[in-house]
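You will see two complexes here that share chain A, one where it goes with chain B and one where it goes with chain C.
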Partner chain A sequence: MVDAARQPLIEVKTFTEVEKVEGYVGNFVVTLREKTKYVRADRCNGCGACTKACPVEIPNYFEMNLAPRKAAYIPMSQAVPLIYNIDMDACIHCYKCVEACGALEAIDFSMEDKLVEQEIGAIVVATGFSHFDPTPMTEYGYGRFPNVITAMEMERLNNSAGPTNGALIRPSDGKSPKQIAIINCVGSRDKRYNPSCSNFCCMYAIKNALLLKQMHPDTEISIYYIDIRTPSKGYEEFYDRARESGIRFIQGRPSEITEDPDTHQLFISSEDITLGKVIEREYDMVMLNQAAIPQPDQNHMSSVLNVAQSPGGWFMEYHPKLRPIDSPTDGIFFAGACQGPKDIPASVAQGSAAASRASRILHSDSWQIEPTVAVVWPDRCVSAKGQACGICARACPYGAIDYTKGLAAEVITAKCHGCGACVGECPHDSITQLHYTDAQVLAQIRTLLAVEPEKKILAFRCQWCSYGGADLAGTSHFEYSANERGLRVMCSARMDADLIYEAYRLGAGAILYSGCHPQDCHYITGQVVGAKRAARLEKIFERMQMSPGRFRVEWISAAEGDKYARVINEMQASLDAIPEDVLKAEIERLRPEMAKKLTKLDEIPGVAQALVQVDFIVNEMVGKEKVA
Partner chain B sequence: MSEDPITKSHAADFPQDEPRIGVYVCHCGSNIAGVIPPEEVVDFAGKLPGVVRSIDTMYACADSGQRLIKEDIAKYGLNRVVVSACSVRMHEPTFRGCVAEAGLNPFLMEMANIREQCTWAHGHDRAGALEKAKDLTAAAVAKASFLTPLNMIKVPVTKRAMVIGGGVAGINAALDLAEQNIPVTLVEKEPTIGGVMAQLNKTFPTMDCSI
Partner chain C sequence: MSGFTDSNALSERVKAIPGGDMLMMCYSCGTCTSKCMIQTKLESSYNPRRLIREAVFNMDDAAFADKTIWLCTACDLCYPACPQKIHISGVINAVKALAVESGKKTPYQVAKVDELTCVACGLCVKICPYEAISLVEKRVAFRGTIPVASVDQGKCMACGMCTAACRSTSIRLAEDYNDAELIDTLLSWLGTERVSS
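Let's turn to the complex of A and B:
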């Protein structure tokens, strides 16, 4: 902590929140809100006179509310930087602190929050985790029974810098507890709250037990556990040490804690798997080893940073195995528990790893980004012909399109992220996306539907989420119908209505229109553009009286392999439910309607030539001369 | 190869050259070949218009696989490459790099995902998986036929990092960056850095002080 403050190249901004992140790799612009402390950092010398003078006392969250603090405060004595704060919610405006501060004149009640912008090349996200509040688990009585405490409360009670100066006392009567139980997996590995394992709590329970035993050798400690997980280096030995020092390990998840209301003694009912029976034991104090959960503002940060969340709410890495430090956004990296529960050694290691990933960029003079950007055909743009339009500029999540009536729209390449929203939205087909041109995507659609198109489920997927979901379905070996034929574009916003009409015209049995969940979009609001179009298409197909299930819209994250497989299987079932002759008749009935919507397809530069050539490929595939 | 990545004149709308495509069907050990016979995909792809070379390889991503592709580019005058193997999320950068080493523009390489999105998901339906692998390969060949060369876009880099969160991971990342002479802004929403670690007493497995 102190090293960070002392390092001249690190600017520490505490009490500061990230409001907005704009830009792209190498060129982010981050807006920070420096919340006011009402104390001037350049004048405060950390003497603490204001705290002594302050008459207001409120619970100190840093001490898990076990001790009070003043309205003029620092959360802990080793605070870095050592600058005092005035908590304006608690302050009674007596100005005794101002008096005490005297000639320093560090306290300034006229200060306000400040918004500052910084230009940043790369970002490391290390926003950490939060603790599960066990209050909803009424069976453990937390909040009702004073001697049931959480792990973090134990941490402060047992800490020489804590509210009791390290004296272990039980909250009900201040006596020193002799029989202590620690219950593991409180809110973790529990389908009601968090199904996953919190990673470090087994070791954490053992640490607390050993520490208590060391400081109070006459204390008897029992740890209730489901499994003890000590896989890292030196951890099993640590566990052995605990067993040798007489700590009792009971395998079984307690079903209930009851209390004697007079003595506040606690009774834990639990199974003991080793003994094969239900046991009840009495304790003076019980510590609940809480699950690690995402930060309360993790969803908010996820949208500010434009990074997706895994099931459970943690930030999602680019690839769990190959790029575990990278976010899906180039130039943003993860460190520590914001990505999933991690202990200190793992967090430190990941901090170094993230620094190393970021420094690759920061040590370069320039960075390369993919050229899959949008380009306007100026001679096709209706604005150049004097028509008011600007649909492309409105669809663009990045403000990367210059639109002035009378001039052809222009893409500012450095700002373009290549989602293709403008391409999908342009009603005049005046924009294309490099590497995902209409000619290229149409060529894929034609080949994928070359043979028995009515049996096929054509799946449009975005690169970042639903394509990843399909990958995960495979990696997890979740089986689904082999009639699925997938193709990839960068974002659901690129899934032009023309592509869908053309697929139906060719006789596709069913089409999946899929992308990310709205909050996960790699392109800020690309999914919103895609979702609106999908909703329009749903209405159009309903009016055409298309059989239900032939057009399906689903938002599937890269973590939802199971959902991808389920959706495809459900689509297969809907397709199976339509009698073959009915389906074929419907395809024939709708073919001219689809064709009507596609009159201008051939005019898109490159498309006509491409389709002629694709027909040669398709002919080879079906082994006949003509295709639909 | 076009010099300007963004050809405003749209010379890139449609490829100017006749495609000479090489198709490489990966076994991925038994990951693909255990479900479908790669040779059948090879035979099928070999007949597609524009394909001048079609062959299977045990591991396309291995040195031997990449060497085969690079040698073929010279030997057969390939101007497009299709790799039927795994996910683009896994190896698109690998094969783009591979063709670039042989002097081909990296954007003239297209992948068909016949592992994650085919053999791994359709182990129960081997005939269906084979048909799908052929179709996915054909779609990649079709797209490859119309690929045009593109150049990466160079952007400048601001030499400053931001670390959001001043807990143990963030502090360590900030220190590592600063020690490499990179200026860092360390942002923390609480009034002090330290995070959860600062609230802890001793820490495992060494039982030393947390701060």
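Let's turn to the complex of A and C:
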């Protein structure tokens, strides 16, 4: 950080919170809250007289609360800028600091937070991760047994600039520990707390063990683990070195730590899996490698930045393999552990990549975005005719639609991500999506259902998940019914009710309405819009007494090829269970009901012409007599 | 490899029994084994983690011969400790049910009813924590066809609750426990001696 602050083109704003992000790629307007330190940067010379004078002592957060600090303090020795700070929550207003500061008059209790707006071209989010507090895992006694500490506490204890100047002591009696245990996966890979792997604990367990061993060769160190994961370059060799240097690796997850209340010695009970035996071993000190978890304010930041979160709460990248650094919002990039736990080499690599991705924007006068954006037909929009509406604006997950009563709704193209939620929701068909226009999608539906529609399973798939799932089913050779006809839109939010009614009116045997699981949605809340509509449709079709299985709603991820195949096969089975004449009679019975539900599709620009074309081509290709 | 997909394979049969369905989620961390006190206090070959492996690998013989299936008391001390949220005693019980189905009998003692004196009051049925006892109609020598208590060998854990409950001393563990010996053992655990009366 000190190095970055020295670069003339980098401005480091510490103690500053992002409150609001408006605008779009290349043109963000960011509101920052510059929190006051109650010390004037232009006057404080960093002498530290205030700290000496201050009578208040509270736990020092930077030292993992292992040391005290004053209410007048400096957060850490590498702080940027290196000026002092008054912690107003702890201060008792004795003003001894003001006295000590004297003629410099750097301390000013009347200072207030400043809100500043700044124009920003691109944003790199690098807010990192937080640490699981092991207190709820009562079996390990953290918080009850003084000599059970966390990895973060060990990082400070074993640091020459730390609270003990690097002297390794155990909290209960200040003696130097001779037997140290390190426990991996504390709250990680644990369905009760955090099901995922924290990525770097195996390696820092080994690092800390080796460091301890180097500094204190007479300590015995054991690492308890479920699996040791050393996937990067040189990591396995590092693990070899640790075993060579005498560090003991015990495969077996401890079930319990007990303590002798007089000596505060600790006893770890675990199975040694290779022996198949339960072992109990005594230690002077135990370090818990707590899980890496998202920042406590990650949900808040995701709504400020308008970016989605992956399962588990980390920020979600545009594409896990092909665009792992970009957020789904143009102009916002991720670096480091905020997107998922990763170690320093991976964080730095992602940081450099994010910087260069961002600089492409700063060096461009124009920017290409995905072409699948929404467009309003101003003459069809009822708002322009004075009717209160704004349904599109409420559906949009990105706030990309300007709605003012009396004016036609307007899409801010650079903010639109092309989910099609507005198109699917607009009851007046006044808005469409380029490349997924009603004309285009209806033409596909008509083509797919041209011949023997009652035998077809029409599958609406979303680009990101269920389409990928179907793709995977194909590449994995999972067999599913050949009567399935897939149709792609960007998001389940685009699956307009009209499209479904029209498909049934044309005689579709069954329809699959599919998309991402809610937590996987690439359009923040697009799936929510889609799922609500699907639930409404399910009720409507139930009231119409449609045979069960003819309308199915499923959320299928791109990794669930087997599920896609299974769902289609189950739909085929439900379709087979309906006798042909019953199905045909039902289709005829429902045809007029579906037609009644439909808005006047042929009035939508382009639709009538497209359908004439479809009919012409289909007739030519399969012969008029076969077309339904 | 057919053993891995065959619905007759042990793993599949275990999964089909309620409680056994989580079998494949075990990643063999050993927490359950060290949480349970049976290996360290009673039977050194006891190991729920290993039993799960035996079931996963369809090792019927090894699993059915494993003492773990007969000794687990379903106390569920291990259940909340399992990071995979596996109901371990449920899995063990499923393997045990299959062992019993295949004709295996517990090598340990179980409660035995003296049908000549049982009055079919049903106290033991109510108290048995493993639901191992039921009243059945049976022909009993000298007494004709009458209802008497009957112990399911696959379920009885020899806890002795029935013995303590029975008012007519008609149910007891096969090896007789002498009350005086029991009291002495308990006192020795407590570190005190019996005060002679």
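As a convention for this text, the second predicted complex is superposed on the first by the 367 of 628 C-alpha atoms of A that agree within 3 Å, B and C clash if a C-alpha of one lies under 4 Å from a C-alpha of the other, contacts with A are read in each partner's own complex, and residues count from 1 in each chain.
The working rule: contacts are C-beta pairs under 8 Å (C-beta built on N, C-alpha and C of every residue); 3 or more make two chains touch, one makes a residue touch a chain.
The model shown is predicted, which means the values in this text are computed figures rather than measured ones.
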{"item": "Partner chain in contact with A:505 - chain B first, chain C second, else both or neither", "value": "neither"}
{"item": "Touched partner set for A:428, first chain B, second chain C, both or neither", "value": "neither"}
{"item": "Which superposed partner A:226 touches (first chain B, second chain C, both, neither)", "value": "second"}
{"item": "First (chain B), second (chain C), both or neither touched by A:351", "value": "first"}
{"item": "Touched partner set for A:365, first chain B, second chain C, both or neither", "value": "first"}
{"item": "Touching partner for A:417 - first (chain B), second (chain C), both, neither", "value": "neither"}
{"item": "Superposition-derived comparison: chain B or chain C, residues of chain A touched", "value": "B"}
{"item": "Which of chain B and chain C A:375 touches, first, second, both or neither", "value": "first"}
{"item": "Overlapping contact positions on chain A, where the chain C interface meets the chain B interface", "value": "none"}
{"item": "Chain A to chain C touching residues, read off their complex", "value": "139, 185, 189-192, 226-227, 251-256, 269-273, 276-280"}
{"item": "Chain A-touching residues of chain B, taken from the complex the two chains share", "value": "5-8, 10, 12-14, 47-50, 87-90, 107, 113, 115-118, 120-125, 128-129, 131-132, 134-136, 138-143, 145-148, 150-205, 207, 210-211"}
{"item": "Complex contact set, residues of chain C against chain A", "value": "27-35, 39-40, 44, 47, 49-50, 78, 80-81, 83-85"}
